[in-house]
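Going in written order, the chains are labelled A, B, C, D, E and F, and every chain counts its residues from 1.
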Amino acid sequence: MEYTNLAYVLAAVLFIIGIKRLSSPKTAQSGNTIASIGMLIAIIATVLSFELLDFKLIGVGIIVGTIIGSTFALRVQMTQMPQMVAIFNGFGGGASALVAAAEYFGKYDTTELGSFISGTIILSVFIGTLTFSGSFIAFGKLQGFVSGKPIVFKGQQIINALMVIGILLLGSFIIFGVNQELNLFYGIVLLALLLGITLTIPIGGADMPVVISLLNSYSGIAASATGFVLMNNGLIISGALVGASGLILTNIMCKGMNRSLANVIFGAVGLDEQTSNDGGEQISFKSSTTDEAAMILDAADKVIIVPGYGLAVAQAQHAAREVADQLEAMGKTVLYAIHPVAGRMPGHMNVLLAEANVPYDKLKDLDDINPEFENCDVAIVLGANDVVNPAARHETSSPIYGMPILDVDKSRTVIVNKRTMNPGFAGIQNELFGFENTVMVFGDAKEMLTNLFKDLKEL
Amino acid sequence: MDMINIFTVFILAIFVGNEIITKVPPTLHTPLMSGSNAISGIAIVGAIIATKIDGGLGAWLGLVAVIFATINCVGGFMVTNRMLKMFKRK
Amino acid sequence: MIAAILKETIVGETRVAATPKTILELIDSGLTVYVESGAGNESCFSDQDYIEAGAQIKEDAKSTLNEANLILKVVPPTLDEIELFPNDTIFISFFQTTNETKTVMKLRDKNITSFSMHLIPRTTLAQSMDALSSQANIAGYKAVLVGASHLSVYMPLLMTAAGTIAPAKVLIIGAGVAGLQAIATANRLGAQVEAFDVRPEVKEQVESLGAKFVEVESENIEGVGEGGYAKETSDDYKKQQELKIKERAMKSDLVITTALIPGKPAPTLINKDIVENMKMGSVIVDLASENGGNCELTQKDEIITHKGVIIDGTSNFPATMQTHASQLYSKNISSFVKHMLKEGELNLDLKDEIIAGAMFTHKGEITHQPTKELISNT
Amino acid sequence: MIAAILKETIVGETRVAATPKTILELIDSGLTVYVESGAGNESCFSDQDYIEAGAQIKEDAKSTLNEANLILKVVPPTLDEIELFPNDTIFISFFQTTNETKTVMKLRDKNITSFSMHLIPRTTLAQSMDALSSQANIAGYKAVLVGASHLSVYMPLLMTAAGTIAPAKVLIIGAGVAGLQAIATANRLGAQVEAFDVRPEVKEQVESLGAKFVEVESENIEGVGEGGYAKETSDDYKKQQELKIKERAMKSDLVITTALIPGKPAPTLINKDIVENMKMGSVIVDLASENGGNCELTQKDEIITHKGVIIDGTSNFPATMQTHASQLYSKNISSFVKHMLKEGELNLDLKDEIIAGAMFTHKGEITHQPTKELISNT
Amino acid sequence: MEYTNLAYVLAAVLFIIGIKRLSSPKTAQSGNTIASIGMLIAIIATVLSFELLDFKLIGVGIIVGTIIGSTFALRVQMTQMPQMVAIFNGFGGGASALVAAAEYFGKYDTTELGSFISGTIILSVFIGTLTFSGSFIAFGKLQGFVSGKPIVFKGQQIINALMVIGILLLGSFIIFGVNQELNLFYGIVLLALLLGITLTIPIGGADMPVVISLLNSYSGIAASATGFVLMNNGLIISGALVGASGLILTNIMCKGMNRSLANVIFGAVGLDEQTSNDGGEQISFKSSTTDEAAMILDAADKVIIVPGYGLAVAQAQHAAREVADQLEAMGKTVLYAIHPVAGRMPGHMNVLLAEANVPYDKLKDLDDINPEFENCDVAIVLGANDVVNPAARHETSSPIYGMPILDVDKSRTVIVNKRTMNPGFAGIQNELFGFENTVMVFGDAKEMLTNLFKDLKEL
Amino acid sequence: MDMINIFTVFILAIFVGNEIITKVPPTLHTPLMSGSNAISGIAIVGAIIATKIDGGLGAWLGLVAVIFATINCVGGFMVTNRMLKMFKRK
């Protein structure tokens, strides 16, 4: 038992290290491996140490689970990753609920259950079940089985509230021993299942990742609660870890979308995505901060800077040069892509960058740089808009159709800095901003670059 | 086991959880979520223990729990790994 | 199809409508190219260079034009030159059609389809054909160099053992392409630059080059016309503008004026009074001298001194930087030609904004409305 | 004591030895100042300006000089002018004594104490009197402006819709004061600048201005003479140097040469062969033309074109920027005069390094050794 | 007991929050308050919960301790803060050792001590005592009671190693019950006391802060060990917290000094004063780092930047501009003093600063700026030398005598950046560098300014 | 008390300690050191408990320990506070 607990502590330490490493691009893969080793240690320790285990049952369970899990994981397309995470998460929550339920049923007759234990059991079942059903709805929404649009009906909030009250009531009946009917327990399970559904369906498809992250945090809490039920350190620590870090991650994701968590969960504003309001079709985009941009850049080898009129307006040429110098000091290759009509006069960008003393051999014109984007890790678009608008390639009705553009979208990641979602000189929307590999960093170019410089230095 | 100690562990774990995630680039949001989700498959430990609970129902619930938790762990780590492979430098 | 590149005949016109490099492009697009012997000499391209690029050198204009279908020039042809043009050909050059109605009529009468590089619309797509921009850019740059050379003072601030030299004050009037480049160049040399324009939106552009924008206080700011071109302004505005310009010009060492309204005489922005109030030794470079000048005293293609103020009326600055001027102009021309070509044949799609916009005679008709009206009114 | 400011008589010499501002300083130091009428006109200082500063305007040279004790000029006097000088006066101007031995003898014979601004030692303390530096600085700046104006290409790199313009390549030979300022100015205009000098220590200085230093590989690098001036170099070095310069000049658009060895003919660094290997349309500005030029083909004060290469031999660039040139020169002069003054009286301390160094005739003797030797040898 | 432990957990949480807040200037003060509240809670909980406490004794102890501690804390001069911290730290380590010793003596007779407990007791006593004596040596060095210079003697390392082995041997005798003599225990105390001294004396005064930080970390570990002895969660958590965070802080401090921890502890270099070796009379000067320069600048209102030829050589004009911008953003007035012959050609500095886009109205020539130095807080001399050499004013034999110079020495503090103590163009020494109000910051101007910029941002 | 649990707490506390300090401006090095040093005065809890240990020696050692620890706490927090006051902008 001592060694088992030691193994759990070791596993927990590996989880901590794993999660830490997962938050930086360079170390992420090793982080995942470390965490999975931790898991292996925890499983082996458990199997070895507890007596009276039904090894056959466990073996079957693990084999079946492994087959199902790995099939899913290997088959799924890259674009379907988020829904996969949702499903897996649902199973995790379900497992916690089941364990707690087993404990409940196992000890039900013996009236061994103190109020604390029964309370944690109910908490675990409640959260686990809610995670289970909620995750499946999230999956369904992303996969298209359920409409991705927010499903809203009148009195939704009231019904949810009533269900929560119901669960609380039933739970306290059990805990305080007012009534020990099994039906009460089933009632809780049922209500939790329903609640998982009603809480998730009003949320739009674009917000789903946040919801999944939140549910992930819940499943951590469920595991931790189960740990209290079983008085098991391993579960408690790991569950709490996942619960807390999941919540932080959820918050970070919300911040990236410029929303509050409450707004995501209860907003149900009937809109799928963040949109710009001025004219034309709406573009949904990801927005981020300079320190995240710094991290993306940290993992890059080759960076191409694309200056545009906005850089000139912000008079941010020196700041851009500083950032480029810093990137070079970090061992990266940095080039500048100069579009022939960037800015407002022929050679505008040249004048600008010459002022900042950017060496000429780093300035590449359109013909030279376009083939380079393919093997470029990050393109940083600084106050450029029309000259990187992919509509010029395919949108025959566009006023810029036919103009050669800088193929920034071909690079692995595109960081776009401008102040708003407003269009540029040509007055048209830019679909680039909504691309999967594009991250917007809003703000005045000079300010943004100064911050980015600081963040790069601090990495 | 001492309840207070367990609780202390819980609180500290929450602090650690809080601290270890500070800044994550958006590109890593999904892998990180997926990876930590896989860790929440730690429920498998509970599931394994649950199989020993006497009484058919408990054991059977335990079996299902083991299957679920394994799916969560195995699938989670594998899918995370696949995602992260995309970040490898060419 | 045969394209003919003529040697420019006007004195001081050193540019050429095609360089060896753009001839390569034209040939790649399926054209045969004849070049008049010596056409590129002044721009530092020898006949040999053209031959190496695949062109055929013809002894004189006549033999060059003989079989031509497409005639490329820099400036409008003289009436004599047009005599040599075969009928039904296509002709492209710079052309202020409302100023040269006789030539226009002659082209029409010869059933020539003519395009003016002046008329290429200022759209995003047409930017590679925008010869006005490419040449104005040169003018803006060169005006500063020449203006600075005229000055008896330094441009930059210098703190030396023999005392501190204050930076020159430069005023740029009209912040179009030429004006912006002039701002950039003067700025590079270290002068204190301010600029003025009727279009309020250029304020941001001026500031994006690190210069100060001079604002005229008037109720109706209405200098903005169609397609980014400036139009004429109200009287009140004009008065305020004159006062402001006088105030700034009096403090300036170098004034560069670039205000043009296409097809019309240039607005007079600096009258004699202002000149006489300027500092001894200060300089005006008038880039609008072609259309009469923004300064009342400007004399086209002459450098005069009026009460200590030097006024440079050089009208064709691009021709003083002929190598690059030709390189850019010929690139504009070849982009335009390639825009009209479909599989080696000309495809005059009259619905195409650029083609229709730049055309001024076609099938015996004058297709440019203002010119047509002007001609029918006289 | 009366100081006399003469109007310069040589054609093209637009500078003046005192401006209203330095006259104020001279008067403050206890001098009375006479100015020949119109002396400052070309530098944009009117007689009125001088009167306001406290000077007395005299009609002609004769009346200006009549009672003078101290005569200030920019360039050496003609023999006729010296006729008008009273005996025993003090005279200061630029003066290449070894080139104008006749004038030196005449000054000696009139028992005039003469100082040459050329001979002011290059010490830290004398920097405010260092007219060679202040005028060379102007020459370096102006040479680039004029050279750039001669070019048929842009100086900066420009990426435009009509193609990419490569930056001009500028080669500066001789990185003294003029050369360094030329580097700075060409750099500002966006050209790619490289510079060459015999003195190896200027490498760091060249790089401190953002330009590339061209190194000549030779065993004996020995271009460094006394007092920071360059001296003549060995034959092996000269050969290596010629090869290197040829290699760089062939690639350059603009070459500016500034290599001078004071009092001697300028070294020939660019021979005919190099010129003929340069690009069509490229430009040489030879700042050493006064002493024969660094380019074999340079013709003093003329702009010639040799096989497509423009060679500018303007010898007096400072005079084309007369306002600031006069301002700086007169400040140098007044610093020097003030250095010699003690309570309003001249105090010729012959132990003073600066005074002794700059003096070349005194009490009927030639005090500058090389000049004295030269004269006694002929 | 339950509540006591809860209180400890609460205290620990407050400590965590406190330390976190202490690492940012904005929140530091509240962090300190929060931590002290945590301490109060821990003390009250202890006093309230344990029975059999001798309240009188405790009361006396706390009162005496408070009087001594607060007197020290309030009396000490600002410049003596580091040695104060050292003393306090020593007392903390001592306390831990004493508690462990009391436990040892208390249970000595009863042979109650298991090997684990006796092991932790010895660890606690060892570390606590070492911290105690080491801290007092550190205090003595900083206060000047002990020579600030490293005291090194032959075989020092060997003697230290022998002492450690001795402690290990004695300790294992006790732990494994080979011998239970009290003398063994005293032996350990003695050796630990000695070790604290011998480990600290070879370290130079300038490196002391690092050593104090390390000892601080030790005293945390001692407290944690004491916690194991007493099986007290509060001590364990708080001690571990301080131990771990102290170690991190120590590392950060070492990094800031560009040294490794090993180098600090075993290096025994750290000379107090530096002198230039090349020719002429030697100038004794103070040299410092960019983060100190940043702090000096932080306190300034008016800053004058004096560029010289070195700035041009380093091509550091853009970096200088960045620093000036940052200073202005911090609300300071910044001017540039341009000496007429700074650099190597007329107007050299103008060309340079124009390239970096420094506004003309910030450039002041000699006549304009010299009167300003009198009320200037900091003059930053960047690669200038002759033009700020006061010898020009009074040293009649100097080749620069009579040249007007920039009167930087009139400003409150002068920060001089150059690479070495080598002379400039005129080839003469510069007495300015040895002035009382001058601080040298050596290094290439560009690098130095880039670091300074970073440090200013981090303030 | 369960040794393992105590150990777990210890490990987790070390993790928290490790995580909470990431970047500290050099100006805060001394105050931070001083503040966390005051926290190590938590030994006072041990000292208080030690006073109850039977036998004169134990108690007296406890008393000295209380004095020492109090000096550490009180002095530490006060001196930190004084240092931090300097950072207040004028």
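We take it that contacts are C-beta pairs under 8 Å (C-beta built on N, C-alpha and C of every residue); 3 or more make two chains touch, one makes a residue touch a chain.
What you are looking at is a predicted structure, and each value in this text was computed from that prediction instead of being measured.
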**Report entry** Touching both subunit A and subunit C (chains)
**Finding:** D, E
Report summary line: Taking shared numbers over all numbers used, above half giving same and below half different, the subunit B and subunit F interface sides are same
Query raised in the report: If you average the Cα atoms per chain, which one ends up farthest from subunit C?
Result: F
Query raised in the report: Pick the pair with more C-beta contacts: A-D or E-F?
Result: E-F
Requested in this report: Could you pull out the chain whose C-alpha mean position is farthest off from that of subunit A?
Outcome: D
Query raised in the report: If you average the Cα atoms of subunit B and of subunit C to get two centres, how far apart are those centres in Å?
Result: 71
Report task. Indicate the whole-number Å distance between the mean C-alpha point of subunit A and the mean C-alpha point of subunit B. Result -> 16
Query raised in the report: Can you give the whole-Å distance between the Cα centres of subunit D and subunit E?
Result: 57
**Report entry** Between subunit F and subunit B, distance of the C-alpha-averaged centres to the nearest whole Å
**Finding:** 35
Query raised in the report: On subunit C, where are the residues touching two or more other chains?
Result: 127-128, 133-134, 137, 156, 158, 160-163, 165, 188, 190, 210
Query - Junction residues of subunit F, two or more chains touched - result: 1-3, 5-6, 8-9, 12-13, 15-16, 20, 22-23
**Report entry** Multi-chain contact residues (two or more partners), subunit A
**Finding:** 12, 16, 233, 237, 315, 340-341, 346-347, 351, 354-355, 357
Report summary line: Every touching pair of chains is listed here as A-B, A-C, A-D, A-E, A-F, B-E, B-F, C-D, C-E, D-E, E-F
Query raised in the report: What part of subunit B is in contact with subunit A in the complex they form?
Result: 1, 3, 6, 9-10, 13-18, 20-55, 57-59, 61-90
Report task. Within their complex, state which residues of subunit E touch subunit D. Result -> 309, 312-313, 315, 340-341, 343-348, 351, 354-355, 386, 399-403, 425-426
Report summary line: The answer for subunit C against subunit E in the complex is residues 156-165, 167, 190, 192, 210
Query raised in the report: For subunit C, which residues are in contact with subunit A within the complex?
Result: 123-125, 127-128, 133-134, 137, 177, 180-181, 184, 188, 204-205, 207-210
Query raised in the report: Which part of subunit A faces subunit B closely enough to touch in the complex?
Result: 8, 11-12, 15-16, 18-20, 22-25, 28-29, 31-33, 35-36, 38-39, 42-43, 46-47, 50-54, 57-58, 60-62, 64-66, 68-70, 72-74, 76, 78, 81-82, 84-85, 87-89, 91-92, 94-96, 98-99, 101-103, 105-106, 116, 209, 212-213, 216, 219-220, 222-224, 226-246, 248-249, 252-253, 256, 286, 288, 291-293, 295-296, 299, 301, 375, 377, 413, 439
